[in-house]
Structures are given as C-alpha cells and as structure tokens.
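The data blocks that follow each hold one structure.
Shared between the two complexes below is chain A, which pairs with chain B and chain C, respectively.
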Partner chain A sequence: MDDYSIGVLTNIGLFSFLALSAYLLLIAGEMSFGQQAFFGVGAYTGGMLTAVFGVPLPLAALAAMVSGALAAVLVGFPTLRLRGLYFAMATLAAAEMARILFELLRFQRQIGGELVGPDGTQGFRGIRWVFERGVEPLEYMALIYALLVAVLVLFLWVERSRLGTTLRSIGADPELAASLGIDVNRLKLGVAATAGALAALGGVLFAHHNTYIEPRNFDIMLGVHSLAYALIGGLGTALGPLLGVVLDLGALEGSRWFGSARMIVFGGLVAVLLVFRPRGLLDERAVHWIRSRAFRKS
Partner chain B sequence: MLADLVQNTLDGLTAGAAYALLAVGFTLIFGVLHRVNLSYGAAIMFGVYFATWTSLHFEVGLLVLALLTVAGAVLAGAYVERLCFAPHYAAREQPRTGVSSASIAAMVASFALWMQFEEAAILALPKHLYAFPPIYEGGPLQLGPFLLRVESLYLLAAAITVCALLHTILYRTRFGLAVRAVIDVPVAAQLVGINVSSVFVRIFALASAIGGLAGFLIAASHEQVTPMLGMWATIKGMLAMMLGGLGSLPGAVAGGLLLGLVEAHSQWYFGPQMRDLIAYLLIFALLALRPAWMTRWTTTRSAS
Partner chain C sequence: MKHLATAMLALAASTAAAQGTRAELDCTFTGKDHVYDCVVHLARDGAPLAGVQLSIGADMPSMPMAHNIKPVKAQPGKKPGEYEARLDLEMAGEWAVKLRLSGPVRDQLVLHYEFDEKGARPSVRRSGTPPRK
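This part shows the complex of A and B:
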C-alpha cells in the first residue's frame, strides 16, 4: 500500500472514534457539539505523558481515556438535565473553553536538546513515541483498526443486549423510560463518560499519528463534522458512523473527481440525502431490513 | 482608569451593536422554528461576497451594494430553508426532552450548505482578503477625551430600527398574528387555516434580510471581507442569542450589547484569549446554573 492510501485509511480510523462518540450520545437522545474537546483532552494528555514524562503509550492511552471520561462527567453533570438544543449549546461553550485552555497551556521541558511540550497557540511538537520505536505507518494503522474493531464489537454486542435497548428507550422517550424504573440521569452520565473516553482514545492515537497537535485541531468544525458523520452514516447501527467517515474522508479526500468544487457537490449531496433519509443511510429501518434478510437465508 | 472604563464601554457597544443585529436574525429563526440554522452566517457571508464581487466588476454606489448584500443573503437563506428546513417540518413535533432527529437532520443539512457557501465564495473570489467600501470616510467622533466610531452609530441605529420594525410586524399585522400563533401552538395555527410552511419561509427571508443588513454594515465598518465572516457571524449571533435568553427579540439586542461589553472589558484587562474564555464561561454558567433564564421564553408555550 502506498503512503497516501495509508494516510487516508489511518485518518478514517482515527475520526471513526470521534464519530462513534457522537453516535453513542445521539442514540441516547443527546446531541453534543463538544466531543472534539474530549478528543483534544485525550490528545494533549496522551501526548504530554509520552513526550514529556516518558510514559509508555499503552499506559498513556489509558490515562487519556480516564481523563476524557472525567472531563465528560465534569461537563455532563451540570448540563445533562438540560433539554435538547440547550445541552448542545452548553457542550459547544464547554468545548470552546477547552480549546482556549489548550491555547493557554504552556508546559515545556528540555528533552534531548530541544523543548518538548505544549506551547500555547504554537502547538505541541514532538509527540514521537511511535516514531522513535520504529513503528511503520502500516503497523500503526493496523493498531488503530484493531482497537476500532474491538470498540465496534463491544458496540454491536451492547446494542443487542438489554443495555442497548435501554439506551434507545431513553433516547426515544426519557420520561416513559424513567416511569419504567430506568435511572435516566445516571445512565446518561455513564453514556457521556463512555463517549468522552472513546473520543479521548481517538485523540491520543491522533496525536501520536501526527506527532504535532495544535488547539485549532479541536475547534467546533471538528465537532460538527463528527455529528454529521454519525447522522449521514445512520443511527441504526454502530457501523453507520463508520460509513459516514468513509463517505466523507474516503470519497471526498480520496478522490479529486470534482476538482475545486467538491465541497459544493458533497454539501448538496448531504442535504439531499437527509431529505430522504433524515436518520442516515443505515437507519433503524434499513438495519432491521438487512437483519431480517440475513437471518432468513441462514 | 475611569477613562479606560468609559472608552472600553464605548468600544464594547460598537461591537455589541453588530452582535445584536446578528442575534436578532438568529433569534427570529430559533424563536419561530425551534431550529438552529448553522448556515445563517454563511448565507450572510454569501451576500457580502455577492456584493464584493459586483463592486469589483462594476461601478456601484453604497446603497446598491447594501441592496445586493441583502438580496444575496435572502436568496441564500431561501435556498437553505427549502433544502434543509422545509423537508423536515412534517416531523416538527419534538419529544418532551432530548432533540428530535428531524431537528438534528435540519441542522446537519444546514452545516453541509455552509460548506457549499464557503467554497462558492472562495471559488468566486480566491484571495484571502478583499477590501469592502467604507460606509463612512471620516475619522471617529471626539467626545471629550473619548473616541466613538461613527460606524457603530449606524449599527446601533440599524439594530434599533430593525427591532421597532419587527415589533410592528409581529404585533400590528395579520402576518405577525399568524407568526405568533405558529410560535404558540403550530398544530392549532394550522387548524385555523394558517399556512405554517409559508410562515416559515417568510420568517427565513426576513431573518436573512436582517442578517444581510448586518453583514453589509459589518463589512463596511471593517472595510474588508474574508470567508471567515460566515463562521464568525454564526458563532457571535448564537452567543448573543443565548445570553439574551433564546427566543426573545429585545433579549437578543440586550444579549448582543452585553456580549460586546463583556468582550471589550475582558480583552482590555485579560487579553484576547481570556475575552473568549470569559464569554463562553458566562454562557456555560448561565445554562448550568440558571437554565430557567435560557428557557423562560419557551416554557410559556404549552407542551405541544
């Protein structure tokens, strides 16, 4: 495989974590404009731990996920009781605050003759743990996809379980769910924490792939993109968000059919698609149809 | 010390007047449709670029330029409404909590069109920055030791005029009556023969026209345009709308002025990054601690 394809595929894998994070909240009935912040928290935490403090990547990734979950609880605890769009606005404000805090974050140390660590708006250079250990791009891509498959298996298993049904029920009608004895607030906080950890995992992998991150990477555009990925791909199955990422990054970045007007074509296609399929390509109905077909044959 | 305070207040009101005008258009759409139109700022940017492109190719006066900006923004707004919002009206009934998938779909679709507008603008005018003719040639007004930009007076006057006009439309015309009926109970409005969909289109056109006016005045007082105007207008309009308590027009003006004041003072004392941080913190704290402040205009609605 050439470097270009590896680059595109790696990016697809990385942003799938973020799309899955947005998807998890969407099926529980919450729209977050702020998942990019936890992606950023993961990237900064993981990057600092490996580059500045010399912690091995697996440990740093775990720590990043924990901090992503904590940050999500911190944001979610006071805001999850807000309704619909108000929650979306609160997460947007929180995420922009996080981005500005990244801009204010300066913590550099002399390592091997050069300054390493976050330097405010100048960004954070030298996250080279993966690079220094001679991991080939192809191997790193394989690592990303292995983790992604593990997460997906977990998702698909949860969605078939009682917990998955419960999650969709609080998404459909939280008051009805609460009347059936479901602790909606606790469950939503758990969902927010899991989604935060998932985004942070994507972030730490992103930081070590790029070796350089800056606060601008984690702006509101990334958050809206992750929502769009989840919605375009479909809210019926965890494979939906992946399809969304593949469609955007694969078909759009990977091809140059439309030249410089490709955002015009793609933007129009997305709007028209949502007219006909407001819950995405792989929505609940499509998933049900596919599943019933598959099981009739076997 | 005191002189700085006064000067910062004047600067804050200047920026705040622009935010107020942006917030009024944003609030109109949110208050009536309960939808967030992410491409609101992009449609304004499209209008401004339309006017800029014309001014580069033809000799036109300021008034024509203003009309072209408004026309471009209304055209873009109508396109957004037809493609992103009209198809999702049928499923307007929202669950009691949480967001309806139709409102997410409308929002994501409006985001897709934002990308379209941005690319169209860059294709038409590929440089990063273009000059925009100034609305006022002279220097700032001297008020004793203080300076006040004349442009900000234009913006403030426009915000006040627009609000007065909107108030007249909403409370003195048949169309306004229909709008208020739709805001209160859409189903009942439909039952008494109001064409809800047509009310939505006209509200969108009205909001886009206000946005276009705001865009023209902002571009003319900055004397330059960049494609970033779209994102800037959407975010500032949304923040001012939130500060004012979503869904209230006087609130939108107050929210815009408040945002301008908070930004000007915090920038003076703490620098540009803290300026944004404080504005977001204010909104986050309001939402988290005083959600009733944000929802006070919408909770009077019956739970339709």
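This part shows the complex of A and C:
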C-alpha cells in the first residue's frame, strides 16, 4: 500500500471516532457542534502525558478518554437542559471556549535539548511517542482500525440491546420516555460523557499520528464535518457515520474528481440530503429494509 | 493482523530516537494553480544533512485530516542538505508541511508555511512570531 492510501485510510479511521461521537448524541436527540473540543482535550491530554511526562501511550489514551468524558460532563451538565438549536449553540460556544483555552495553555519542559509541550498559539510539537518507537504508518493505521472495530462492535451490540432502544426512544420523544420512567437527563449525560470519551480517543490517536497539534486543529470546521458525516451516512446504524466519512474523504477527496470544488460538492450533498433524507442514507427505514431483505434471503 | 501485532510490539518497546533536525522551506509558485517548486534545506547539529530519503506531505491546520495531499519523494538538490520537490496543493493558505525522513536519519518534522502566488513564507501566529521548526 502506498503512503497516500495509508494517509487517506488513516484519516478516515481517525475522523470516524469523531463522527461516531456526534452520531451517539444525534440518536439521543441532541445535535452537538462541539465534539471537536473533546477531540482536542484528548489530543492535548494524551500528547502531554506521553511527550512531557513519558507515560506509555495506552495509559495516556485511557487518561485522555477519562478527561474527554469529564469535560463532556462539565459541558453537558448545564447545556443538556437546553433543547434543539439552543443546545447546538451552547455546545458550539463551549467548543470555542475550549479552543481559546488551548491557545492559552503553555506548559513546556526541556526534553532531549528541545522544549516540548503546549505553547499556546504556536502549537504543541514533539508528540513523538509512536514515531520514536518505530511504528510505521501502516502499523499505526492497523492499530487505529483495530480500535475502531472494537468501538463499532460495542456500538452494534448496544444498538441491539435494551439500552439502544432506550437511547432511540429519548431521541424520538424525551417526554414520552420520561413518562415511562426513564431518567432522560441522566441518560443523556451518560451519552454525552461516552461521546466525549470517544472523541478524546480519536484525538489522542490523531495527536500521535501527526506528532504536532495546535488550537486551530480543533475549530468549528472539524465539528461541523463530524456532524455532517453522521447526518450524511445516516442515523439508522453506527455504520452510517463511517459511510459519511468514506463518502467525503474516500470518494470526494481521495479520488480528486472534484479538485478544489470538493467543499462545494460536499456542502451541496449535505443540503440535498437534509431535504430528501433528513436522517441520512442509512436511516432507520433503510436499515430496516436491508435487515428484512437479509433475513428473508437467509 | 501482522501489522497490528508489529505495532503492539513496537509500542511496548522503549527506544527513543534523538531529535535535533532542522528544516527550512523555499518555494516558488510555478504559475499553475497551487503548484510550487520547493527546496527543503535540512540540517542537523548545525551541519547540512545529506543522504536521507525525504517524503513531503501537507495538511491544512484549520481543517486537519480533510485534505490528503499525495506525499512526494524529494530528490537531492544542488547543494548538500538540499532536497527538491514539486508540491501540488489544493488551495492557497496556510499548510502544515510534513517532512518524513528515512534512511541514515529517521525523523518527522512539521513546518507551517503560508502559500500564495508569491510563493511560500513561514506562517506568523497571533503572538507575532513564526512557529519554531
């Protein structure tokens, strides 16, 4: 496999964590424009732990996920009382606050003759834990996809469980769900924390793939794209957001059919889909149809 | 599966490569949309760094992972420590140019440059200074 294909596939894998994070909130009925903040929290936490404090990556990734979940609870606790557009705006504002905090974050140590650590707007160089251990891009891509498959299996299992049905019920009609005895606010807070942890996992993998991060990496464009991927791919199954990422990064960007007009095509695709298939290509009806056909054949 | 196992083994190891490679970029606009002829100047411990294999990629800091520029292999330039490559970017603006060195020296560097029709120059951040290389 050439460097370019590995790069495209790695980016698809990394973006998928963020798209799945947005998807999880969407099926619970909340549209977050702020998942990039938790991606950033994961990237900074994981990066600092490995590059500045020499913590092994697996432990740093776990710590990053915990910090992403805590940050999501911190944001979710006040904002999940809001509904619809107000929640979306609040998450966007929180994400921008996080980005500005990253700009103010300065914590550097002299390591091997180099200053390593976050340096505000100058970014954070030297996140070389993976690189210094000789992990080749193809091997790192395999690691990303192994983690992604594990996450997907968990998602697909949850979706078939009672918890999955409960999540979709609070997304469809929170009042009705509450009247059936479901603690909607607590469940949504749990969903927000899980989505935050998932985005943070993507962030820590991104930081170690890139070896460099900066606050601008985590601005609104990243959040909008992750949300768009979930909406394009569809909300009927966890495979939907992945389809969204593959369509944009794989087909539109990877193929170079549209060149620099790709963003226009992508924006148009989002607009058309929101009109004709508001819950995406793999929406609940499509998934039901596919499942019924598959079961009929077997 | 083999690649995953290798990655897991490598992550368990604890060797570390030394840092200290410095790079600068000198690019001229070719006249064709977003295509630049670039010379990379590599140095290590103050001396030109020759004889390495250099692969150059690029990403946009404001939209990470969304622009996959095909990495190009740089050719040795006219002087020691110089490497030449043609970069075909998708648009003007700030790009994080990723240099991946292999061969006698294994390293990875990220340089931030602003590309437009005048060529390329180091990006200036809000604090007013170009980022460290």
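Odds and ends about this structure:
Methods note: the second predicted complex is superposed on the first by the 297 of 298 C-alpha atoms of A that agree within 3 Å, B and C clash if a C-alpha of one lies under 4 Å from a C-alpha of the other, contacts with A are read in each partner's own complex, and residues count from 1 in each chain.
By our rule, a residue touches a chain if its C-beta (ideal position, glycine included) is under 8 Å from a C-beta of that chain, and two chains touch if they have at least 3 such contacts.
Please read these numbers as outputs of a predicted model, since none were measured by experiment.
In the three-chain model built by superposing on chain A, chain B and chain C fit together without any clash.
When the two structures are aligned on the shared chain, A:Pro174 is found in touch with chain B, with no touch to chain C.
The superposition places the C-alpha centres of chain B and chain C at an angle of 90 degrees about the C-alpha centre of chain A, rounded in steps of 10. Applying the stated contact rule after C-alpha superposition, one finds that A:Leu101 touches chain B and leaves chain C untouched. Once the two complexes are laid over each other on the shared chain, residue contacts for A:Ile232 go to chain B alone; chain C is not touched. Of the two partner chains placed around the shared chain by superposition, chain C is the only one that A:Tyr140 touches, whereas chain B remains out of contact. When the two complexes are overlaid on their common chain A, residue A:Leu82 makes contact with chain B while staying clear of chain C.
In the overlay built on the shared chain, the residue A:Gly268 is in contact with chain B alone; chain C does not reach it.
In the superposition on chain A, contact is made by A:Arg125 with chain C only, not with chain B.
The superposed three-chain arrangement places the nearest Cα atoms of chain B and chain C 7 Å from each other.
The intersection of chain A residues touching chain B with those touching chain C, taken from the two complexes, comprises 103, 221, 260, 262.
Residues 34, 36, 38, 83-84, 87-88, 91, 94-106, 108-109, 111-116, 118-120, 123, 231, 235, 238, 242, 246, 273, 276-277, 280-281, 283-284, 287-289, 291, 294-295 of chain B are the ones touching chain A in the complex. Only residues 26, 29-31, 78-79, 81-86, 88-90, 92-94, 96-97, 100-101, 103-104, 171-175, 220-221, 224, 227-228, 231-232, 235, 260-264, 266-268, 270-272, 274-275, 278-279 of chain A touch chain B when the two sit together in their complex. Contact residues of chain C toward chain A in the complex are 1, 3-4, 6-8, 10-11, 13-20, 33-34, 55, 57, 59, 61-68, 70-71, 90-91, 96, 106, 108, 110, 125-127, 129, 131-132.
Taken in their complex, chain A has these residues touching chain C: 3-4, 7-8, 11, 14-15, 56-58, 103, 112-115, 119-123, 125-126, 128, 130-136, 138-143, 146, 206, 210-212, 214, 216-217, 219, 221-222, 225, 248-249, 253-254, 259-260, 262.
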